[in-house]
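Pasting in a structure now, in C-alpha cells, and then I'll have a few things to ask.
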Amino acid sequence: MILFWLILIPFLGGMLCWHSERWGEQAPRWIALATMLFVLAVSVVLWAGGDFSAYGTGERPWLLEWRVPWIPRFGIEIHLALDGLSLILIALTGFLGALAVLCSWKEIVERVGFFHLNLLFVLGGVVGVFLALDLLLFFLFWEVMLVPMYFLIALWGHSGSPGQTRIRAATRFFIYTQASGLLMLVAILALVFVHYTSSGEITFSYDALLNADVPDNLSFWIMLGFFIAFAVKLPVVPFHGWLPDAHAQAPTAGSVDLAGILLKTAAYGMLRFAIPLFPEQSQAFAPVAMALGVVGIIYGAVLACGQQDIKRLIAYASISHMGFVLIAVYSGSELAIQGAIVLMVAHAFSSAALFILSGQLFERIHTRDMRRMGGLWGRIPVLPGVTLFFLAASLGMPATANFLGEFMVLFGTFRSAPVVVVIASAGLVLGAIYSLLMMQRVHFGREQQPGLLAGPDVREYGMMLALIGLTLAVGLNPQPLLDTTASMVRPVADLFMAGPVRAGGMN
Amino acid sequence: MLTLIDLVGLLPLLIVASTAVLVMLGVAWRRHHGGTAAVTVSGLALALASLPLASAAPSSPPLMIFDGLALMGSALVLVSGLFIAAMSHGYLAGYRGPREEFYLLLLCAVTGALGLVASNHLATLFISLELLSMPLYGMVAYSFRTERSLEAGIKYLILSAAATAFLLFGMALIYARTGHLELTALAAGVAGSPDPWILGGAALLLVGLGFKLSIIPFHQWTPDVYQGGLAPATTVLATVSKLAVFLVLLRLVLVAPVFGSGWLLGLISLLALLSMFGGNLLALFQPDLKRLLGYSSIAHMGYLLVVVIVGGPLALETTGVYLFTYIVATMGAFGVIMHVSGTGSGEDASGLHHYRGLFWHSPWLAALLTLSMLSLAGIPLTAGFFGKFYIIALGVEGSRWWLVGGIVIGSVIGLFYYLRVIVTLYLREPGMQQAVADAGRGRVEKLALLIVAVSILLLGIYPVPFIDWVAGLAWAARLL
Amino acid sequence: MTGIPMEHGLILAVILFSLGLAGLMLRRSMLFVLMSLEVMLNAAALAFVVGSTAWNQPEGQAMFLLVITLAAAEASVGLALMIQLYQRFRSLELHEVSRMRG
Amino acid sequence: MELGFYLSGLVAVLATVGLISGSSPVHAVVYLIVSLIAVALVFFALGAPFAGALEIIVYAGAIMVLFVFVVMMLNLRPEAKRDPLWQRPGYWLGPSLLALVLLVALVALIGDGQAGMTIDGELITARDIGLTLFGPWLIVVELAAILLLAALVTASHVGRRNKPRGNRNRGGTR
Amino acid sequence: MMMAATLLSFLLPLAGAIVLGFSGGRLGPRASAAIGVGSVGLAALATAWALLTFSGDSQGFTLWTWVSVGEFQPTMGVVVDRLSLVMMSIITGVGFLIHLFAVWYMVGDAGITRFYAWMNLFVFSMLVLVLADNLLLLFLGWEGVGLCSYGLIGYYYQNEANGRAAFKAFIVTRTGDVFLALGLFLIFVELGTLDIGLVLEQAPRVWAEGSVTANLAALLVLGGALGKSAQVPLHTWLPDAMAGPTPVSALIHAATMVTAGVYLIARLNGLFLLAPDVMWLVGIIGALSLLLAAFAALAQTDIKRVLAYSTMSQIGYMFLALGVGAFDAAIFHLMTHAFFKALLFLSAGAVIISCHHEQDLSRLGGLWRKLPVAYAGFLAGGASLVALPLVTAGFFSKDEILWQAMASGHYGLFAAGLTGAVLTGLYTVRLILGIFHGQPRSDHARHPRPGTSPLRHHLPLAILAVLSTFVGAWLYPGLEVVFPPRPDDATNAGHTLFQFLATGAVLAGLALAGWLFLARRRWLDAKVGRGLGARLWILFNRAWGFDALFDRTLVRPWQTLVRVLRFDFINLGMNLPAVIARLCNAGLVRSQDGQLRTYAKVMVFGATVILVGLVMTQGGGA
C-alpha cells in the first residue's frame, strides 16, 4: 500500500498546489517541497529499513509488492513492486524533485500553482514508472509524465524568440517520446497476444510474460519495439533530436527533471523490461546497441563542443554520458550494469547541478549564450568554483560518482567488448574538452562587463552543497548503493550471459 | 407483423418519434424554447431509460434486429442525443428566429439513428440513413442567414444526395443479383464465390456509407460542414451520425460474408490507411477548431475501420469502446465550442484564436477541452487511451502490421495538432485577443459538460464497468 | 420474344446514373445540380424496379416508393436552400459558396 | 414490349443528355419531365405499371411542379451569355471522362456478372406492393413519414423569407 | 604510529583545501596563507615523523573498500614503502618550501584563497598518487593532480592565453590518462586485480616475458606516463603551462607532478620488466625527449620556458634510466631534480617578481648585484642542473643514470645522455648569463625590487640551494631493495673511466657555453640572425614544431568537425518525416479548395477508381 501512496501523493500534492494558489504565492512552493520531501523521506526510510540481500530469489522476489486487479478483462493489474533499483531511483526522484522545486523558487513567478501541479505530476508519473510491474501500467505511467512535462516546457520555457520555439521544442519532445511509446505499446500488445496464443491466458503481468514463449522471428521485432522506446528516451543517437531543444527551452526545474530523472526511466526500462524479457535477442542485439552507445558518446561530445548555449551544451553532454549507460546495459556484465546505475545517479546529480547553475547564471546575467559571457570567475563568488566542480564531475574526475560510474562501465565492458571500450574511452578526452570549454568560455577570460554580481543565497548554496556532498559520497563510497541494487543486477547479468541457454531449458 | 413484444423492443424508437410529434404539436400550439428543450431532453432520457426494458424483451420486428450491437448503438445514440439536446438550449438561446424546430429535427435524426443501428434490412437501412441525414441538412443550415451555415448546408445536401444515389445503386445491384433485401437472407443468397455484381454493389454501398463516415476519398465535405454547420448540428454529425453509420457498416460486414472477401477487405484497408494519414495530415496547421475536429474525425474513422477489417471476437467490443471514447471526447470538444459560442454572436467561435488563454479565465472549460484533445490523441488516463489500446490490440491480434503502423504514425502526426490546440488554451501573452466571454449558461449545460469531463477521466482511469458492459453486449451480439 | 435481359435494364440505369453524375460534376448552377441528383436517384430507382420485375417480387418496387419519397424530400429541402442561395447572392452559381476552404 | 423498353430507354437517355447540356432552366425542367415520363414508360414495359404510374404522378407531377414553381418564382432566365468556361475542354473534359469511365466500369461489371435472368413483363400489382408496404414494411413506412416530416420542417424553416427587409442587406454586407 | 603519520600527511592538506575551498571568500589573505602553508608544513612534519618511525618494510592499510562488485574490489588503501616515503618527502618537503615562498610571491594577489586551496589539494592528490595501494586510487590522485594543475595554470583567468594553456595542459595529459585507463582495464581483465602488489605478483605468472599482452599493458601505462611527464610526443603542454604562477611551476611542473610518470613506471617495474620492447621504447623516448627539449631550451627567450624545457629534458634522463632498468637511478634523479629545479624556478620567481613580472631574457640582464639571493639560487641550481662534478646533487644522480645506461650496454642512449649533458651546460649558462650578466636591457631590469623577507623569500631558496649540492645526494636512502636488481650489479668495471667521460662532457659543455656566450657573442647573434642559423633558431624556439604539427593534424580538423557538426545533421535527418508531413499537408490542403465541384469530382474519382480496380482484378473470373 505504501507503494501506492508513493505514487498518489505527488498527484494529490499537485492538485493541492493548484488549489493553493489562492492562499498565496508561496503556498504551492511549500506544498510541492513537502510532497517531494515526503517521497524522499519514505524512500530513505525504506532504504534504511530494507534488507537488500534477501530479495530477488524465488521466495521473495521483491522488497515490497502490491497488486490489485485493475482491468480483469485483459488481466491488467495495478501491480507495484519495489526492489533496490526502484528504490534508488525513487529516492533520486524525491531528491531531484525537491531540488526542482527549490531551484524554481524565484525563477517561476507566473501561474505558480499550475506550474507545481505539472511538476508534481511529472514526478508522480516517474515514480509510477519505477514501481509499475504490470506492462500496461508501466506504459501508462510512461506516457502520463509526458503531458505535464510538455506543459512545463511549453508554458514556462525560456522564450528565446517570440513564444514559438519553446512550444516547438515541447511538441518535439512530446512527439518523439509518444511515437516511441506507441511502438512500445504495439510491442507490449504483441507480446501479450503471443503469450495468449501459446498459453491461453491473457495477462500483462511481468512475471507471466517473462516466461512467454515467443517465436523467434517475432521476438526480435518486439524487443526492438521496447528498445526504440527506451532509446528515444535515453536518448540514443539518432533519436536524440528532442533533447537539446527540450533542455534549452525548458525552465530550470524542467531541465533538472528531464536530465536527472526522465532519462533514467529509459535505462530503468531497459534493465527491467527489455533485457529480462528478451535476453537472447538482447544479446544478439548487443553489438548494435553498443555501437549506438559509442556513436552517442562521440557524437554527443563533438556536438557539445560546438554549442553556444550552455544548456544545449549540457544536453549534448547528457547524450554522451547516456551512451556509457547504453553500453553498460548491453554489456551484460554485472560490474558494468552496476556502473551504469552509479553513472545514472551521478549524472542525475551533476547534470541537475549544472542546469541549476546555468539557471542561476541566467538569473544574474540574463543570457545563456556563452559568447556573451566570460570572466565571470571574478564577478560571482562561489558559483564558478561549484561549476568547475560539477564540470570536473561531468568529465569523470575521480572521487566523483561520475568517474566511478564510467570506469565501472568500462572495466565491466572491457572483457566482452574491448574495442567498444577503447573507442568509448575517447569520450573521456572529449568530455574533458567540452566541459573545460564551457569553463573557459563562461568563467575564464576577460570580463565582458564590470561589476560584482550577487553570490548564492542560502537556498542556492544549500542545494549546491547537498549535490556536491552526494556526488562525492557516492564517488568515494558507493558500496551502500551497490549493495542495494546488487540483488537486482545480478539476475539480469546472469540472464544476459545465459541467454542462449535459457531457451533450452532454464525455464 | 408487429406484435406487442415487438413494440416493446421498439420502445426507444417509438418514444423518440412520439417526442418528435409532441414537439411538432407543441410548436403548432405555442412556441416555447425552454419547454421544447425540456420535452426533448426528457423524451430522450425516457427512451434511454426504456432501453433495459426494450433489450430484455425478446422482440424481433420485421426488418429490424435488436441484438447487443443495436443495444450498444442505441445507448450511444441516445446518450449523444441527450447531450446535444441539453447543450442546444444554451446555444440557441441567442438565436434570432424560431428555435423549436431544431429540437424537432434533432429528434428526427435520433430516430433515424436508432433505426439505423437496429436495421436488418436494406430498406430500413436506407430509410433510416436518410432519416438521419435529412434533418441534418436542416440543422446544419439552420442558421441559414449566416453565410457559412448556408454554404455548409448546400454542400452537405448535394454531396450527401449524390452519395445516397451511390448507396442506392449499390443496393439495387445486390438486390438484382440476389433478390433479397433482408441482410440475413441476402447473406445466405450470396454465399459462395463473390460475384462481380455483389462486389460492385458492396463497393458502391461502401462509397455511400464511406461518405457519411468521411472516409478518404469521400471526405471532402467534412471540414466545410463541420466548420459551417451550427455547433450542435456538427456534434450530431460527429457523434450520432458517425457511430450509427459505422455500426451499420460493421453489421453489414459481419453478417454478409461477401464483405469478408479479400478484395473488399483490401480495399477497406487501403481506405483506412488513406484516412488515417490524410485526415491527420490535413489537420496539421488548421487554425479553425471545428474544421480541425472534422479532419480529426476522418483520421479516427480510419482507425476505426481496422475493426471492420480484422473482425473476430474482439471486434465488437473494440467498436463499442472506441466509439464511445471517441464520442465522449468529441462531445467534450464540441461542448466547449457550444458553450463558448452561440448563434446570438453570429458565427461560432471556432477559430483557435478564440480559445487563446481560455484557461486563465475559464479554467474548467479549458480543462475539459484539454481532456478532450488528450483523449482524441489517445493519451493515457483519458478515455481515448483505451480506445487506442483496443484498436491497436485488435490490429496486433489480427497481425495487420500495416494498419498498426498506420495507426501509430497517424497518432503521432495527430499529436502535433492536438497539442497545438491544447497549448493555445494556456498561452497568455500581452496584447492577445480576448476570447469570447463565457456567457452565463444554464445549469443543465454545466452539468452536461461536467458529466462528459468526468466520463473522460473515469473511462481513462477505471474503465472496467464500461468494458464489462460492452464486452457483455458484444458477447450477446455474437450469439445472435 | 423471350423478354428483356436484366442486364439491359441495369445498363439503362447505369447510363442514366452516369449522366446524372456528369451533370452533377459539370453544372455550376444549383438548379441543374439538383435536377442531376433527381436523375441519379431516378436511375437507382429504375435499377430497383428492374430487379423487382426480374425476380418478380414486390419488394423492389416498395424500395422504389421509398426512393421517390426521398427524392421528393430532398428536392424540397434542396429548393429551399436554393432559394436562400438566390436571395443572398442573386445567383444560383455554386461557386459562390466556397468561402470555407483549406 | 421490348421495343417499348428500348425506345423509351433511348428517349430517357437523350432527354437526360439534353438536360445536362442545356442552358435554359425551363428547357431543362421540360427535358427532365420528358426523361421521367420515358422512364415511366420503361416501367410499363417492364411490367411494373404501379411504379410507372407513381413515377408520372409523383415525380413528373409533383416534384417537377415544385421545380417549375421555383423557376418561375425566381424568374430564372436562360443564362444570357454562355459560360465561357463551357468552351474550354479543361473545364468539362475531366468530369465527362470520369463519368464515362465510371459508366464503362459499371457496364463492364454488369456484363461480367451475367445473371442470365430476363424480365418477361409479368405484372406486379399495386396490391402486392401495398401488402408488402403495410405488412412487414410498416415500420419503414412510419420512418418514411418521419422523414417527410423532417423534410417539411426543414424546407419550411429554411425556405422562410427573410423577415425584415434590412435583414438580408445586413447579411449581404457582412 | 607510522600509519597515523601517513594519514596525517595527506589528510592535513586535504583539510586545508576543504577549509579554503568552502570558505567562500570569507577568509582574508593572511588566514588563507596561514592555513595553506600551515597544513603543508604540518604534513611535512608528519612525513618526517613517518620517516622516523618507518621500520623498513612496506606497510599498508585499508581505510575502506571503495567498490566491491565481483572481482572488482579496489580499496581506499595506502601502502608505505621506501619509494613512497621518498616521494612523500619530496612532495611535502619541497612542497612546503614552495608554499612558503609563495607567501612572498603571491602577496597582494586577489584570489589568494583559491591559490592555496588548489595548492593544498594538489599536495593531497599527489600524496594519494604515491601512497595508493591500488591502481584505481592511484588514478584518483593522478587525475586529481591534473585538475589542480589545470586550476593553477589558469589561475590568472583574466588572460585568455592562460585559460588556453590550462585547457591544453589538461587535454593533453588527459589523452595520456586515457591510455593509462585502458591499461588499467587490460590489467584488471587479465590479472583480476588492481592492487599494485598483487599486480606485480600476478603479472609474471599470467604473462610470459615479452608476451603481446604484457607489452600492450606496459605500453598503455607508458602512454599515461608520457602525458603526465611531458615526454615526446605528449609534451607540448608543459611550456605553455608556465602561464601559472611561478610557485606552481616549481611545485607541479618541475618537482612533483611531472615526475609522476617516472614514479608510475618505477612503481610498476615488474610489469615493465615483462615487456622488454616497451622498456626499450621508454629509453628511446627518454633520450629523444631529453635531446629535443635541450635543443628547444637553447632557443627560448622566456626564463620559465627555458626551465620548462629543461625539466622536460631532465625527465627525459629519468625515462632513459627507467628504460635501461635503472629504476632507483631514475628516482634518485627525480629527487635531486626536484630540489634543484624547484630552486631554479623559485629563483626565477624571485627575479620575475623583483623585475615587475618581466620574464623575457632579452629584457633582463645585469642583475647579479641587485638580486644576490636569486643569483645564488640560480648558481646553485644551475650547477646542479648541469651536474657540476662532485659538488652538486645533480652530478651524482645524472652520473648514475649515464653509468647505468652504459653498463647495460645501451650505448646509443648513453651517447644521447652525454650530448644532453653538453647541451644542458649550454642552455644553463645562456640562461644565467642572460639574466644576471651583461647590461640590463629594460627599465624593469634596471630597477628591480629585490626580495626582502628572510623567512619567506630567503629561507626556501637557501634550503633548496643546500639540497642542490652534494648534501641533497646524501639524503637519498637508496632504493635498491625496492626494485629488481640493476643491470650493473655484476660489474663495476670501467666506472672510473666513465666518470671522466661524463665530467668531461659537462665541462666541455660549460666551456663551449662560456666561449660562445662570452667570447663569440656577436658572432653568435649574427649567425642566429639569418640564414641557416635563423631557421634553426626558429626550429628550436618552436620546439621542433610539434605544436604546429598537432595544430594541423588534430586541432584544426577537430575544430572543423565541430563546426560542421554543430547543426546536428543526424537530427536534421530525423526531421525529414516532419518535412514530408508538411509537404503532404500543403498538397492535401490545396485539394480542399471549397468548391463543391471539386468535392464531387474527388468523390466520383474515388468511386471510379474502386470500380475500375474491381473490374480489372475480379472481372476475368466471373
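Here the chain labels run A, B, C, D and E in written order, and each chain numbers its own residues starting at 1.
One rule holds for everything that comes next: a residue touches a chain if its C-beta (ideal position, glycine included) is under 8 Å from a C-beta of that chain, and two chains touch if they have at least 3 such contacts.
Computed from a prediction, not measured in an experiment: that's the story for all the values here.
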* Neighbouring chains common to subunit B and subunit E, by label -> A, C, D
* Asked: Ranked by contacting C-beta pairs, which pair of chains comes out on top?
  -> C-D
* To do: Using mean Cα positions as chain centres, tell me which chain lies farthest from subunit D.
  => E
* To do: Return the chain label for which the distance between chain Cα mean and whole-protein Cα mean is smallest.
  => A
* Centroid distance [mean C-alpha coordinates] between subunit D and subunit A, Å -> 69
* Computed distance of Cα centres, subunit C from subunit A, in Å -> 64
* **Separation of subunit A from subunit B, taking each centre as the mean of its C-alpha atoms, in whole Å** => 42
* subunit C-subunit D separation of Cα centroids, rounded to whole Å -> 5
* For subunit A, which residues are shared contacts with two or more other chains? -> none
* Asked: Among the residues of subunit D, which ones contact at least 2 other chains?
  -> 95, 98-99, 102, 106, 109-110, 112-115, 137, 140, 144, 147, 150-151, 154, 158, 162, 171
* Structure fact -> subunit C touches at least 2 other chains through residues 6, 10, 17, 20-21, 24-25, 28, 33-34, 45, 50, 52, 54-55, 57, 59, 62, 66, 70, 73-74, 77, 81-82, 84, 88, 94, 97-102
* Please give all chain pairs that are in touch with each other. => A-B, A-E, B-C, B-D, B-E, C-D, C-E, D-E
* Can you list the residues on subunit A that touch subunit E in the complex? -> 237-241, 244, 299, 302-303, 305-307, 334-335, 338, 375, 377-378, 381-382, 385, 388, 392, 397-399, 403-404, 407-408, 410-412, 414-415, 418, 421-422, 425-426, 428-429, 432-433, 436-437, 440, 443-447, 455, 461, 476-479, 482, 486
* Structure fact -> Per the touch rule, the subunit C residues reaching subunit E in their complex are 21, 24-25, 28, 33, 94-95, 97-102
* Structure fact -> subunit B partner, complex, touching residues on subunit D are 106, 109-110, 112-113, 115, 135-140, 142-144, 146-147, 149-151, 153-154, 157-158, 160, 162, 167, 171, 174
* To do: Quick one: which bits of subunit B touch subunit E in the complex? Just the residue numbers, please.
  => 154-155, 158-159, 162-163, 166, 193-196, 199-200, 203-204, 206-207, 211, 216-218, 220-221, 223-224, 263, 267, 277-278, 281-282, 284-285, 413, 416
* To do: Could you please specify the touching residues of subunit C with respect to subunit D in the complex?
  => 1-12, 14-23, 25-29, 31-32, 34-36, 38-39, 42, 45-46, 49-50, 52-59, 61-62, 64-66, 68-77, 79-84, 86-88, 92
